[in-house]
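Quick heads-up: structures coming right below.
Heads up, the next two complexes both have subunit A, just with different partners, subunit B and then subunit C.
After this line comes the complex of A and B, so read on.
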């Protein structure tokens, strides 16, 4: 139930962002996707920086997803079994995960205005990590808890240790729900990235000169992948609920 | 019925079990002899499941579980920090109320427990799978569909698959916790026949709340009532000549 709220939220956010970009681009009276661009030198530089930053975001995004899944498994399968700290940590994550992504976006924008190019990459990365990790951890936790206790018990009763139970049973059984969670998180990260790029674009007068409107096109790509991944996520979730 | 002069495989001494503040088992003492069927009977919530889960240390999974007293498996302490629960459960298998096949093929379900104990060679796996399925009297029904999902099997067949899977782990003791509870009536005799055929090779512990079933399958029976082991004797005697009034009420159907 909670996750479907997240999906609606991310779709709403994406729609908002798309509408925003459409309006903005139209007011400039330029097409979104333009090939054969002519950059002046500074524009080319700024554009290169932007593109490089985007590429560097990919490993950060994947890394934080991987890390989140590992944390979720550690929390559910190990910490929950042994320590009262579990309750506190789980609660903190719930709180972080329920912060609307728009707030992260605003935070990022605020810092963005203050910061230099290098700093802006850092802000972008931090926003994505902060945004992605709590939701991924939480949705993975839900997926792990969703695995039938009897399956675990049956495996333990055969002499599997916890590692084996997790690898052979919990993970495969929770897999599609975990992926659904990842898609939701990615779609939110993409939407925020799109927003941040727009702002970056705004800040760089060099990029706005002439016909260099390649940035909106990358924004469109980001947003459509965001939309796609939230569609995949809701599809996977439906599938996971059926089985 | 023959009086064997064998060492007990399980010795339970002054066993007390709590879940949180609730005492579930109260001062149980008894021995389980090898290559026999030992049944535990008793009304709902009397602690039968809790008791047998002490043997394979499945209760360790519950955070608020507490145990005092002693359980010896082949003379060695079952509850010591040195001994890993997974090592114990490899030797003490368990069949649950509900059949719980894994999301793997029929073959892989059975091979799973063989792999857990280190069998790697595929020919050896093949023989283990076949032998185990034969012992569980399922081979003839599934040998053509070994790669199929267990979903195609009936409830009763799935339960037999779980028995085969447990056997493939080469356990010494096999615990059945009300294994017929969720099966079709026609499956019950099949399962009881399997229990009889396994008896001379394994030590069997059989939990049931059907008195007749306990009378049919077991050599020794224990009557649990509200966490107490009221009586623990030869099955025949429990049913024909109960010592305790509560046992008498239960076996005659006036209680539980």
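After this line comes the complex of A and C, so read on.
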């Protein structure tokens, strides 16, 4: 229940943010689609670097999601029954996951604005990883715990081993909840990326034409994707609750 | 192999959850090919004892077991025992029907698929196995057109029968049942009991029940447990009519007359 309220809130916020940025950039009279035309050489360079960084984020994002899922399964299916370390690790993850993403954003901003440019991709990547992993691990853990105990018992009693139980039953049954969690995490990562790009443009004189501030189209794309993945997330959540 | 016709024999079996002792020196012999019922107040260790016999208790990390359990004459804690084989020989039916959330057809084949090398099951063979299993639990006529439906959407009674049916292709020797009828209505209960009577002989049944009437109806031997100890184990009729131990008498009479 609580979670879906959160999702609707985030959808509302992201919608507002996108609408605001759209309106704002139109009112400035410089449609963002044309912003590329005003770039001089250095601007084009910076833009290309930014673009490339964004592309490089994709495998990092996917990689950290994949790792998170693997970690969550390891924690719940293997470590939970056998080791006291489980409690500690689970607690740490809960703490990390409950840090508001704004703080991660501030952290990233601090390094972007005050630190050298070299670190910027690294900072961005680190922020995304730190943001995405705990949330994904935690939501996957919840999804795994949500799989009815009787399903496991039945499969174990028929002779299935852990791998079999996980692959044949826990994963398929937890799947839509896991994906919902991933979507929430991605939407947060995208929103942070958008923020970082805005700041990046802000402090890069070469990217500002005259005294107007162009909102790069990638920000719009990122925010729209964030919105979309939130919507998908809430849809899947609903679907998972129904079945 | 079956020494003096006992499917399950335990010697001084004790079990601890952490430092709480749930089973105290239980020594019991369960006759082959008969239905034995296990009764006793809530929390006395019936489920725990049952779960020892296919070693599913071990899934909880803090369990320690002492003593000996022999299934079909073989000590199940021997290092050369494979859990896979053990669980094939000893099937289990749970309190709440728990078909896997896959189709009826796949439920029946799930166990067999685990136990056969990949790809060794032919389609025609599978169809035959499914039909045979469903027929033995009197479900074939009801379900032959519903083989592809999700098993969790069936009626509870059908689900529980399916849970029995899915054990059969593995050709188990022993079927453990933990309050198999407590989620069913009177009609379902009777149907499952009838099924057990038909299948007894081929299989050894050990059934936990809170329902004294059921224990009397279905079982030929009956075990009474109290606070982790086995108090009395006799022919069902005798245990109910002339209990030897005062605790048994208290329990049987309190619940029954």
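What we mean here is this: the second predicted complex is superposed on the first by the 208 of 243 C-alpha atoms of A that agree within 3 Å, B and C clash if a C-alpha of one lies under 4 Å from a C-alpha of the other, contacts with A are read in each partner's own complex, and residues count from 1 in each chain.
Note that in this section contacts are C-beta pairs under 8 Å (C-beta built on N, C-alpha and C of every residue); 3 or more make two chains touch, one makes a residue touch a chain.
A quick note: this is a predicted structure, and the numbers were derived from the prediction, not measured.
K.L.:
By the touch definition at the top of the document, which applies to A:150: first (subunit B), second (subunit C), both, or neither?
P.N.:
A:150 sits against subunit B and subunit C alike.
K.L.:
So, A:58: does it touch subunit B (first), subunit C (second), both, or neither?
P.N.:
neither
K.L.:
Is there a shared patch on subunit A that both subunit B and subunit C touch, and which residues make it up?
P.N.:
Shared contact residues on subunit A: 81, 150-151, 153-161, 164, 168-169, 173.
K.L.:
Which subunit A residues qualify as touching subunit C in the complex?
P.N.:
By the definition above, subunit A touches subunit C via 81-82, 148, 150-151, 153-161, 164, 168-169, 173.
K.L.:
Name, in rising order, each residue of subunit C that touches subunit A in their complex.
P.N.:
Answer in residue numbers: 54, 56, 59-61, 83-84, 87-88, 91-92, 94, 96, 98-101, 110-111, 114-115, 163, 166-167, 170.
K.L.:
Quick one: in the complex, what on subunit A touches subunit B?
P.N.:
Contact set of subunit A toward subunit B: 81, 150-161, 164, 168-169, 172-173.
K.L.:
What residues of subunit B sit close enough to touch subunit A in their complex?
P.N.:
Contacts found on subunit B: 56, 58, 61, 63, 84-91, 93-94, 96, 98, 100, 102-103, 112-113, 116-117, 162, 165-166, 169.
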